[in-house]
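After the structure tokens below, expect a handful of questions from me.
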Amino acid sequence: MKFNRMKQVDIRPNMTTNELLSTMKNGGFTCRKVALATDLLEQMIQDDACTIFLGLAGALIPGGMRNILRIMIEKNMVNCIVTTGANISHDLLETSGGSHYHGSEHLNDKKLNEMQISRIFSTLIPYDSFLKFEALAQKILKSVPDQRMSSQEFLFELGRYVDDPKSILRAAFLKKVPIFSPSFVDSMLGVQTWLFAQTNPFYIDILKDHSEFTKIVYETERMGALFLGGGVPKHFIMNGSQLHNGLSYAIQITMDRPEHGGVSGASVKEAISWGKVETKAKWIDIPSDVTLVLPLMVSGVLSRL
Amino acid sequence: MKFNRMKQVDIRPNMTTNELLSTMKNGGFTCRKVALATDLLEQMIQDDACTIFLGLAGALIPGGMRNILRIMIEKNMVNCIVTTGANISHDLLETSGGSHYHGSEHLNDKKLNEMQISRIFSTLIPYDSFLKFEALAQKILKSVPDQRMSSQEFLFELGRYVDDPKSILRAAFLKKVPIFSPSFVDSMLGVQTWLFAQTNPFYIDILKDHSEFTKIVYETERMGALFLGGGVPKHFIMNGSQLHNGLSYAIQITMDRPEHGGVSGASVKEAISWGKVETKAKWIDIPSDVTLVLPLMVSGVLSRL
Amino acid sequence: MKFNRMKQVDIRPNMTTNELLSTMKNGGFTCRKVALATDLLEQMIQDDACTIFLGLAGALIPGGMRNILRIMIEKNMVNCIVTTGANISHDLLETSGGSHYHGSEHLNDKKLNEMQISRIFSTLIPYDSFLKFEALAQKILKSVPDQRMSSQEFLFELGRYVDDPKSILRAAFLKKVPIFSPSFVDSMLGVQTWLFAQTNPFYIDILKDHSEFTKIVYETERMGALFLGGGVPKHFIMNGSQLHNGLSYAIQITMDRPEHGGVSGASVKEAISWGKVETKAKWIDIPSDVTLVLPLMVSGVLSRL
Amino acid sequence: MKFNRMKQVDIRPNMTTNELLSTMKNGGFTCRKVALATDLLEQMIQDDACTIFLGLAGALIPGGMRNILRIMIEKNMVNCIVTTGANISHDLLETSGGSHYHGSEHLNDKKLNEMQISRIFSTLIPYDSFLKFEALAQKILKSVPDQRMSSQEFLFELGRYVDDPKSILRAAFLKKVPIFSPSFVDSMLGVQTWLFAQTNPFYIDILKDHSEFTKIVYETERMGALFLGGGVPKHFIMNGSQLHNGLSYAIQITMDRPEHGGVSGASVKEAISWGKVETKAKWIDIPSDVTLVLPLMVSGVLSRL
């Protein structure tokens, strides 16, 4: 084995994020991982034979990542999205005129409950924002055709009726980037959809998502994935990659731990045993909050394209 | 404020797990939390007006918890289950004659891949176990009536045809404990169901699960919950409890962290702001691997009933 | 490679902790690790050629572990201790008539500050307990001979004057189990010693600890270690084992993570590269709060001896 | 309570790290914490009445932070340092011509042991680098006056004889920034010092560090602290701040968790109950690997000064 000497990270005033990333490669641990992951994301994007899957779990929009995710779609950094329902719901909440607020994890939850403010760690959502979201959701649902749809078809239709240039759903609709959300029924949007379905001949065929996702997988030469958090999105993408010959590129960013065996914290390395990641794949695990890594990483890639 | 003096934990040879739990209450940190959570679980069970919801996420059966979960059903420690598809799939895998094996997290994943052995942290599953699972799944699916079902109705039907006294699905069927799995399509069983549905007029109506779950919630006087891991099961139960006046009792066991805002690691305290947990509720967060806490806790409760 | 089939954990009413541990071996993840670590600790103890080193870091006595640590000394489960100053300080605080109290991590720290109550996560210490500790510390320091001592000699002398059957210091003195605390000056006891030294010709020669510890290491045929937390105690023991041919047995219990390179969270496996742990050593890493694992583990070993 | 609306993070090509930090303030969770911590560090530096204490624990130089720490000293971002011996040892190792290498946490530790390469997570150190370090250490120790010194006096003397413009020790000597290392004896440098002391009338008086540190604390109007990791450095600084009226500013960056009560993972908030942090202090906890946060934060501050 041959190893390279570490040069140590260097900094100077007014450096760009890309310059910082390139010196971070001289460091160790998570510092270096993030720099290498940025190169890997760029490489995936440059590989025309690679379809890039983006897995979205956790509170990304309450974490402030909405614009960055939209930019990734608009700049062709991603070709297919699998997400929890929460990310769609919070995207629509912002579109509806509702908003997220800066709070603190140390606030008194009983007081917040009296004030009708819901807390997501240090981010807050007041009740009226939920009302705005619900009104918008019901309005859009009326526009959606009454037919048996996969979550992907359903979200594509929603995107058609979202009139908001900042919306992730809208950007995906315009760029024809499919969004799968196999578990979206377990979300605020899922509840609104259920309410709507009580009085409308309307339902979601989750099994159909498998057919559509599998089709994309089989038509792909190479698969790459960026996992922001784990959960259903990670598992669903990995399930597809197993039907293919495994991911050729994989970046995982999560604070979850592997020791209890759950899929969210499972190492990318473990997925090699399953054939979900190629034995020759390029991959990196980043043990960090996504909100800290994604802005730095994507601003770097944005400067290189 | 009045505080009680800590006595320190004491041990002696041949003590029972219940005796250990009662002296652990004299300790601090996680030691005491587990002892208090055991009392709280007992209290939930003794409260006849309380419906106990069990949220199952993560690799519980690869972690060895299958018998304990079944015993909880048989001994009326739980009234309603919400689970990921994985726990159902691994329950069926054991029923099928397949098995989980003791391995190590330090094994070479490329070698395991060549040997067709899949790794879940330190637990292994050989390929033939998956084949046995798939054969059983297809066999049972043939028995299930071709109709539009919720995941709950579907899993109840599966339980009818599982001939295995050790099975969680079977025990739940016999005790009429409903099992909801809103995201089960994203699991090995989900894939088998999808394959089956390619040639059979068969599908799952996830929205219907909402109707059935909401009905249980509304008919309940008080709600209690034991969350083993987070994910969709935690979120789905919490969504129901918000429609009710919140959980009266809650125990959460997870290694996930709250700092990134994801639901899995969110503190029970945070749920108070949402009205998902009553302001006067009794609740405990336990930052630990479920496989370490559950055997001790349930063996304690078992001795008290 | 040959792997063993997992039997799943089984429980029954009124089982002993030892019975629980033996069925936990049939589980996976942390459940199994704790069961295997208990066997490993027993094996170290049964190995007459092995000197057992106990590393103590973190808030063990505020966590309720005082009696268990004392029992380990009295029952010859440990031959040499390396600890932070905090564990000695809190042992003396209990001896002084001061005490730790059950609180909560959710208390208002500003209010606690006004009430002169100090918080260690969920454990509380009122100001008067510190005063009792300080009075006892000064009283004992007066008895200690004015001479240049290593921390080990100093703590042995302290043990001579501690009249408390529940004290760890006392038990170690009686059993002639040396206690090293290379960083004890950074603790409440360290501050008291510093104050005392302002008016007394008295000082601690930390370098001398190296000489004494190295002597023990060289005279030992085999080394085994139980690391409760990391920090200086872990590093100091590992430094000694590197001079030897490495640890033959090692158990590490910590919630710290390895990804940032710090010694506290470093895996035992990593220490093999350093020669601090033998390539053929038996070792286990347990990712858990010590207060949850130690009572179960030691009660099990206690029943077997 | 009044809360501010979250604007979401925005990025563009070729933005500077400072521009990134200012938009990160519009995000949530760790993203926002890092941006706010950068402002807080700047504020501490601008406050002429504030003495800034830097606590260094963990593997900072194997993580690539050597230049950044030196720049912080040279640019007057820090007035007093408390560190583990490891950071001094690795600084000297680089000065000696030895080096750290890029490796991986997945390497085979038995093979590395055969190759005489020591692993610190993903960073490697070959045996000859240790030999170079030891030779340099012995050479410098010969120059140091034979007298009873505190660790601070000792490290200041070492700095005098380190001829390396990149060295942290050297920069601190030139800028007269005192470096305390109360537990340095438990490090590679400590071992070299111990060996040297076997044949030289030489020793370290750790109690004297208390006197010197206390003097700095009492002469300070306000105290601010940046804690990179925890351990002895954090505890030692906090012990000093308790003698003062507590820290006025505090930033903590660590991956350690609070739930087990150890000082390293304890929240800054907890320190308020102890009077170690003022009730009116400005403080931020950042749950992250230091190597990821420090380069971004310091490059930002560097651009503002």
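Letters A, B, C and D name the chains as they come in the text, with residue numbers starting at 1 for each one.
Here is the rule we go by: contacts are C-beta pairs under 8 Å (C-beta built on N, C-alpha and C of every residue); 3 or more make two chains touch, one makes a residue touch a chain.
Note that the structure is a prediction, hence the values are computed from the model and not measured.
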*For the two copies subunit B and subunit C, what is the rotation angle that overlays their Cα atoms, in steps of 5 degrees?*
180
*Where are there more C-beta contacts: A-C or C-D?*
C-D
*Tell me, please, which chain's centre (mean of its C-alpha atoms) is farthest from the centre of subunit C?*
A
*Same or different for subunit A and subunit D, where same means more than half of the interface numbers show up on both copies?*
same
_Between subunit D and subunit A, distance of the C-alpha-averaged centres to the nearest whole Å_ = 35
*asked:* Averaging over Cα atoms per chain, report the distance between subunit A and subunit C in Å.
replied: 43
*Cα centroid separation between subunit C and subunit D, in whole Å?*
26
*asked:* Two or more other chains touching the same residue: where does that happen in subunit B?
replied: 28-30, 59, 62-63, 107, 117, 120-123, 255, 257, 259-261, 269, 287, 289, 291
*Which of the residues in subunit A come into contact with subunit B in the complex?*
57-59, 62-63, 86, 105, 107, 109-110, 112-113, 117-123, 182-183, 185-187, 190-191, 193-194, 197-198, 203-207, 209-211, 229, 231-232, 235-236, 239, 255-266, 269-270, 272-275, 279, 289-291
*Taking the complex as given, what residues does subunit D use to touch subunit B?*
28-30, 257, 259-261, 287
*Which residues of subunit A touch subunit D in the complex?*
1, 3-6, 8-18, 20, 23-24, 26-34, 59, 61-68, 71, 94, 99-103, 106-107, 111, 115, 117, 120-124, 166, 255, 269, 287-289, 291-293, 295-296, 298-299, 302-303, 305
